[in-house]
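Read from first to last, the chains carry the letters A, B, C and D; within each, the first residue is number 1.
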Amino acid sequence: MHQLELRKQVCQANQALASSGLVRWTSGNASGRDPATGEIVIKPSGVLFDDLTPEKMVVLDASGHVIDGDLKPSVDSTSHLYVYQNMPQVHGVVHTHSQYATGFAVAGRDLPISTTTHACLFGARIPCSGLASIGETEIGREIVRLIGDGSAVLLRNHGVFTVGKSAWDALKYAVYAEESAEASFLAHQLTGEIPELDSTFVAGCRSMYLNDYGQEKENNSNY
Amino acid sequence: MHQLELRKQVCQANQALASSGLVRWTSGNASGRDPATGEIVIKPSGVLFDDLTPEKMVVLDASGHVIDGDLKPSVDSTSHLYVYQNMPQVHGVVHTHSQYATGFAVAGRDLPISTTTHACLFGARIPCSGLASIGETEIGREIVRLIGDGSAVLLRNHGVFTVGKSAWDALKYAVYAEESAEASFLAHQLTGEIPELDSTFVAGCRSMYLNDYGQEKENNSNY
Amino acid sequence: MHQLELRKQVCQANQALASSGLVRWTSGNASGRDPATGEIVIKPSGVLFDDLTPEKMVVLDASGHVIDGDLKPSVDSTSHLYVYQNMPQVHGVVHTHSQYATGFAVAGRDLPISTTTHACLFGARIPCSGLASIGETEIGREIVRLIGDGSAVLLRNHGVFTVGKSAWDALKYAVYAEESAEASFLAHQLTGEIPELDSTFVAGCRSMYLNDYGQEKENNSNY
Amino acid sequence: MHQLELRKQVCQANQALASSGLVRWTSGNASGRDPATGEIVIKPSGVLFDDLTPEKMVVLDASGHVIDGDLKPSVDSTSHLYVYQNMPQVHGVVHTHSQYATGFAVAGRDLPISTTTHACLFGARIPCSGLASIGETEIGREIVRLIGDGSAVLLRNHGVFTVGKSAWDALKYAVYAEESAEASFLAHQLTGEIPELDSTFVAGCRSMYLNDYGQEKENNSNY
């Protein structure tokens, strides 16, 4: 893939974070990794989503050094990098402070499997991490420790990280983590608990999703 | 009706699902059936709402075989099909994961008749189904079992299905199911219960709606 | 005022109901009365907000007979008419099902004076009516019985009516009734009660608003 | 800075208040002060955000007299002025009734440090003031009394004030005060409490933000 193409894809995913209502101001970010070269493209730090262009994206090598771009990369770059280094099949990472998912993260609660969509997309609970500092490897370690073969982790008192086959694919999981969190929140408010699906039913949903959903089966597997 | 016209109508209803905020990413769908030919037009599986065009819609015959279109139909097609086969007067079906209605579906609670608008449009509670797998006839069976002469069913831990005289008509019920769910949710949070209208008052609302509302009386009856 | 000018104003107020997020699909409506001729212009029944044009507005005489327009007027016309007939200084009426205000209406609770903005705009609680049927004089009677020298009434299990010097002016009160309801709802969820401002402080807010707010003092008085 | 430039900046910040969903109708306002001349530019009173232009902004001298502009300034001008007079390094002030922050303000509760973003941006709780009348110095006094070296204060039963190096900078704090309030609200609803970060962790977040976040370090300090 030409580097400009990856810049465009990552820029588009960052803009879609904003248009999907998952982020505010300059918080949250998407990155992508080129499977061929290992180069990582990520949002610049502290730039408004409306002001992003492909040219403003920052290019890092596999060790995290800036190899192209005039701006500083996101302070979450070390977290993205840790994930890429420890999950070779991941080629996209997204981070948001989406509202309901962050509500669960502040409460320190896993996101239960309360909807068929959660079961289809994630196949398991979305775990909530321990507290982790921004800017070093703590966040990356928590993600890798908890994500298993899933695609999302809640970061305690912080927000959400999702991983995928591309920035756009990771965005998909960020959208559905928020949908799941909202449904669980509302049910909790109505009943004081969150009715969860049993493992057999979840496995059936997950299998249907992996095998039958969408136009191309390979789009559905995690990464 | 020319097939292209039905494709346009169904495409428009799917796009309105997104612009109305009732769906996210690729989840949810609308379909329509041609009363003359029995052909069913439905959203393709796993396609973003922004990317839909009339040409991308999938055409099924009355048995559910794809007879036109390059894409795979929604995994919910079997559910739509079951409804069409068992409810001959229905010519539109809509499925969403709209937020508050899904909250009630996760909680496993019927939507009570808490507003005059609910009484006008539905005339009865919106029942919540048992758990049903996606992709086979279970969902369709639950809808047909529970819908009575109503227009909407909550799917346990899943979302909402509505039916109507056309895709656009079914969309109307999806919008109002969400309005009703939100009003009931908020009242529940204020008082711990959901004050419900009595049957005589409901019947009066329903009669007013059927006879006096809108420009053409025949638009108001369910299907 | 030329009739076309009133049609334009009322159409614009109806469209602003939709763009402000206070209404869905075809529910809710705005009307205006010409002070000179007594003619009332109102939204047609069951028409989507996106489809409204000044030409589609319906003109009624002071007795409620349609005197111009090809469409049937809103089923709420009798309610608007009752208000105009009994409140000679009112020249605009708005009806919505805005979310939080309707939540209070379903709960059967008055909107307390919990914010300075509520105190400024309304100067008193927004009362919640008894149950009233749509399409006859019941709703209008409840509004006139309860509104005092205020500008808004919650309709039990239904929604909100506001009145003003014009359709646009009534829209202002509909926006602020919803703002007040949301603030009160959220505080209630945090504390189990809704802290209310005392009457002396409310009177100070109201006086400041009536005398100092905006560009022209006469815009602030109710009607 | 040329006065027209400040008018443009302040107008843009006011329009961004509306597009960010932090304000409704004519409530809320942004102002900026020219560091060179001491002139203050502020929103005119009671004007809809859609109708604002740089020309409609009102220019005040350091004593609060209107020195340019055809319209009356915001009734909150005395509050903005008090802040500018007592906080010489502040050159932007924003006031909103954003939903969740106002919910806490009605409840009379400080905004706790429940998220890493809150810790980064504010470094401390956002305090809730006592009750203060609009239009005199009471609000300004409460802000100055409580703000410490922070950037935001909740106004009891009213809304939020934030301060910054410019109108746009103050807007940033208004956006994040609302994000923090929403996360804390949702966690409170799930658990009955709001888990708060400890002071060492908060100090680490704040230090990272001040030293490493964004493109230019000097953008991050408060004012």
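Following the convention adopted for this analysis, a residue touches a chain if its C-beta (ideal position, glycine included) is under 8 Å from a C-beta of that chain, and two chains touch if they have at least 3 such contacts.
What you see is a predicted model; the values in this text were computed from it and never measured.
As a whole-number value, the distance joining the C-alpha centres of chain B and chain C reads 31 Å.
Chain A and chain C have CA centres that are 44 Å apart.
Multi-chain contact residues of chain B, defined as those touching 2 or more other chains: 185, 189. The touch graph of the protein chains shown is a ring with every node of degree two.
Interchain contacts (touch definition given at top) occur between A-B, A-D, B-C, C-D. Those residues of chain B that touch chain C in the complex are listed here as 20, 114-117, 120, 172, 175-176, 179, 182-187, 189-191, 194-195, 197, 201, 204-205, 208, 212-215, 219-220. In the complex of the two chains, the chain B residues touching chain A come out as 24-27, 44-47, 71-72, 75, 97, 99-100, 102-109, 131, 133-135, 155, 157-159, 185, 188-189.
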